[in-house]
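Take a look at the structure set out below.
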Amino acid sequence: MGVVQGDQMVLNIGPQHPSTHGVLRLQVRTDGEIVSEIKPYIGYLHRCFEKHSENVTYEQVIPFTDRCDYVASMNNNFGYVVTMEELMEIKVPDRVEYIRVIMAELNRIASHLLALGTYGLDVGAFTPFLYMFRDRERILDIFELTCGARLLYNYMWVGGVSHDLPKDFERICIGFLDYFEPKIKEYNDLLTHNKIFLERTADVGVLPPDVAINFGVSGPNLRGSGVNWDVRKDEPYSIYDRFEFEIPLGEGEFGTVGDSFDRYWVRVCEMKESIKIIRQAIKDLPDGDVFQTIPKKIRPPKGSIYRRTESPRGDLGYYIISDGSPIPYRVKMRSPAFTALSSLGEIAEGWMLSDVIAILGSLDIVLGEIDR
Amino acid sequence: MKKYFANIWGTITTLKTGMGITWRHMMNIKKDNVTLQYPEERWPRPERDIGFEHEKYNVIRSRLHVDIDDCIGCLKCERACPVDCIKIDTIKAPTRGEDIPDIRHTGVTENGTNKALVVSRFTIDMSECCYCNLCVYPCPEECIYMVGGPNSPKHPIDYEFSEFNRKDLIYEFSKPLTSEQKSELMNPKPDAKA
Amino acid sequence: MTSTEIKETLDRQFPGSVIENIDLAENQLELKPDQWLEIATFLKNEPGLSFDQLECVTGIDTGEEGPLQSRYNFHSMEHRHKIEVVISLDRNNPKVASIEQVWRVGDWFERETYDMFGIIYEGHRDLRRILCPEDWEGWPLRKDYEPQETYHGIVVPKIKEEEWE
Amino acid sequence: MTVDTLMNWFAKLGDFPELAFILAVLICAVPVFLFIAVYALVAIYGELKISSFMQDKVGPMGQGVGLHAGKWGLLQPVADALKLILKEDIIPTSADKKLFILAPFIVFIGAFIAFAALPFNQNIIIADMNIGIFYILAVSSLGVIGLIMAGWSSNNKWSLYGAMRSAAQIVSYEIPAALSIIAVIMLTGTLSMQGIIQHQSGFVWGILPNWIIFQNPFTFLAFFIFFISGVAECNRTPFDIPEAESELVAGAFTEYSGMRYAFFFLSEYANMFIVSGIAVTAFLGGWQSPISGILNSPAWGLWWFMSKAMFLIFAMIWFRWTFPRLRVDQLMNVCWKGFTPIAMVNIFGVGIWHLMLG
């Protein structure tokens, strides 16, 4: 019996579409429901981050890094200041390091909550999305308490942080963690272990480890494929080597290693690990002055540096070239979602239209970061 | 065959668990409700346990405000702004540290600094402001700040400043000067000085 | 392996390809563009090097009349060592071999660098602009870039216009 | 209030049978339309509120002074309806205009005429046909034609996908639904809706009401198969793949706006009521009270029927706000590999159980 070959249809998913996580256009060639070719078109959200950076001073770049990955601004700040401090050889006080780690991990939870919630939305579950946003809101409340902003913080500065922690911060933060930990079980009952959700995610969109590495996929997506790679552990920056935490890996519990479910599940587990880190950091939080090492004027020595940090989406790299003036010569951001999206064609071709949406959701892309 | 029935059983139990959760939430809506009825109820609402109180805020990012009497026209905030939404023009004052009653210019700031410049224009375009707070820190006189929060003694909080016209979001903080007053300041008459 | 050892290995395998440049940092090495594809394949497949991760491709404009540079950050997950490769290209005719088929991640990185600097990666299967529109003129991140006046009848705003007083 | 009663009444007035028939049908149609409209408002309000409560929010609320949605947002569905009526009616230039205009009405008619055979209580049934349940099953699948028309005429790829999916889905799920109804017909021996309900009076095993769902374990299963297939026929989550807002934008309704969209909306809710109505009639004793013999007056009959139907509609809303959505091939698998064989076996089960123990 011959293969039935129908007419192929070109379908534009986006730029205005409910589940493209921003303004992304996927040009999809379909044969009925089966997708045979995917071409992503990006750039709709291009805001010239790199060109901007060449015209403002080093400290003024930080608000722009906020706006790249607007879901995890703290981590973006963190990556930039870590790179700058390495370039300028500043050793910041312990208190600053602890505060930064706490903030970055809180933001990691917030970002993963958004990723998981919208993933639920992509496969049609509405309620978990709102539960997760409800809890994310509490994290944003903590950030607002700390630095006054809810989404774009400009909190971490080269050599320090913009505000010291408020008086009651430890109690509030622990209070949130105590509130949040049981909620993960609720999400699991409501969404993760739901049979329909498993059917939609397990065995769908398998990304084998070697392909993942070749495509530069990083972060939870890479770990979902079973590759033990986490910048926090393998190239420890800041003070991540002082904490005990595990790196969750995709195990193919309900399907193949590297499927959409694994990528989802790694994120759920990472939230638990982040909670662990925050608890340890709050326990050891030292006293001290957070403004002490902020340089009066940022004039890094001539040279270039590439440093990567672990943002919720993967390896966030900054390539900074300084020519000795207070204005950067070149700032390049290697955004993790950019590489993850480039692998979409490889993963999602041959799956159904609904699966393409689900796979796109499981990659957890943020278009602000891809287009910069 | 066993797998077939196990599958069905798994489906039934997991779906039942999920439905139990939504049912519990529906029944406990009085307790769990997180909605804020915005224009009537303002955040923070006491019943909603967000874990902290409004007074303990050490910072807020609402709207920029300038106490122009304290401004010495040093342009530090203008230079710190990454999006160039602050515009300052200054004119050299005839005498350092003296009031000029005609244009309601005060000569000495609250911190006791003598002002050498008259700020003839100080505009902040709040439609361009990115609330990064970078202009607040360099100010030597602490005269530019976000209203409310710890600064509420100086200026009440204002975070609802939407306008129908974009031009209305440009805030002018300096005292209005007529063109004659301006030219008089720029080209001081010799007898006025005497 | 340290960067010096990597440098020596490359020099042995491809004599004359490594350029000595004192301006570069310890972990950087400058290569001639002509043998780049072979060197890249070697970097990936040689068991002792096995650079399986291409972390980043950066384009750099070194200023006025200087060359354009294409910089590659490599990392090996197996040996946990890293190296940065710098390739200088002629400003008027920036052409270098594409490594898109060696590391698939290079596909979009090279497209981005092409988009921003106009560096042409020869052998790239789909070299189009990626962030800017297809019909955009000029290479935005070059230092001598002048934005075009209009784009499809829309006035392209200059850096900052003092339209409001 | 049957058509026959009205026609008899007209016959007393004079000898004009054709006119009498038309008049009788029209007189019956108006209250049904009003009922659907009012019920849809209630159901939409219920959906808004229930979904909000399940998601820890309060849903539509009106507070303070000024224009708002009334106390507890009671006027929200009215406002929605007004908005839909007042909206500009957009017909895409490249659409097939005739089909595009016709489609929502065909979908609505499919739902509307099915109401003719729903027994609200002992007396209120527009036409107590002797093939009542067969009639409903037949006409309620009329809507699929309208959906395909809508999808095709919109000249939009998303609409086309939605239409194709919904056609496949509705046609497939008719089968398990009909198979589980066959079990009921076997037990009752009648196709008439009132006949089926009358069969269900009294008690089974002493305590439980003699509803078909309780009569033997296989009918219990048949009820669930029918109900879930019914949910699928209404295109509700977890089977809402024809609309699937995260994939297909709005499926077959992508290009519709204003009043035409409102008709699709209305017919979705009307379909929910029909599915619940059949399920109540065939399995849950229709207008029979749970304790047979008491509270069985026509007024109470109406109350029992409506409350049972509303409970099933609540269950559908509950499903929608709890579950993710299936994929299109999984949906077909569930139907053809799950429900259809089980429903098939179930018929034999019901028959054997009835012969042995009935």
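Labels for the chains are A, B, C and D, by order of writing; each one numbers its residues from 1.
In this text, a contact is a pair of C-beta atoms (placed from the backbone, for glycine too) under 8 Å apart; a residue touches a chain by one contact, two chains touch by 3 or more.
Predicted model, so just to flag it, every value in this text is computed and none were measured.
Student: Fewest touch steps from chain C to chain D?
Tutor: 2
Student: Could you tell me the least number of steps, going only between chains that touch, from chain A to chain B?
Tutor: The fewest steps needed to get from chain A to chain B is 1.
Student: Measuring between Cα centroids, what's the chain most distant from chain D?
Tutor: Chain C.
Student: Just how far, in Å, is the C-alpha centre of chain C from the one of chain A?
Tutor: So the centroids are 25 Å from each other.
Student: From the C-alpha centre of chain A to that of chain D, how far is it in Å?
Tutor: Roughly 44 Å, centre to centre.
Student: Measuring from the mean C-alpha position of chain B to the mean C-alpha position of chain D, what distance in angstrom results?
Tutor: Distance between chain centres, rounded to whole Å: 54 Å.
Student: Take the average of all CA coordinates in chain B, do the same for chain C, and state the distance between these two points in whole angstrom.
Tutor: That pair's centroid distance is 42 Å.
Student: Which residues does chain B have that touch at least 2 chains other than itself?
Tutor: Within chain B, the residues that touch at least two other chains are 15, 18, 21-22, 34.
Student: Two or more other chains touching the same residue: where does that happen in chain C?
Tutor: None at all.
Student: Would you mind listing the residues of chain A that make contact with two or more other chains?
Tutor: Correct list: 127, 134, 190-191, 194, 196.
Student: Contact residues on chain C for chain A in the complex?
Tutor: Residue positions touching the partner: 25, 28, 52-56, 58, 60-61, 71, 73, 77, 80, 84, 103-105, 107-109, 112, 116, 129-133, 140-141, 159.
Student: Considering only the defined contacts, which chain D positions touch chain B in the complex?
Tutor: Counting only chain D, the residues touching chain B are 50, 53-58, 61, 63-64, 318-319, 321-323, 338.
Student: Quick one: which bits of chain D touch chain A in the complex? Just the residue numbers, please.
Tutor: It comes out as residues 51, 54-57, 157, 161, 237-238, 240-241, 244-247, 249, 320-330.
Student: Across the complex, what residues on chain B touch chain D?
Tutor: Result: residues 8, 15, 18-19, 21-23, 25-26, 29, 32-35, 37, 39-40 of chain B touch chain D.
Student: Where on chain B is chain A touching in the complex?
Tutor: Interface residues on the chain B side: 7, 10-11, 14-15, 17-18, 21-22, 34, 50-52, 56-61, 80-82, 130-134, 137, 146, 149.
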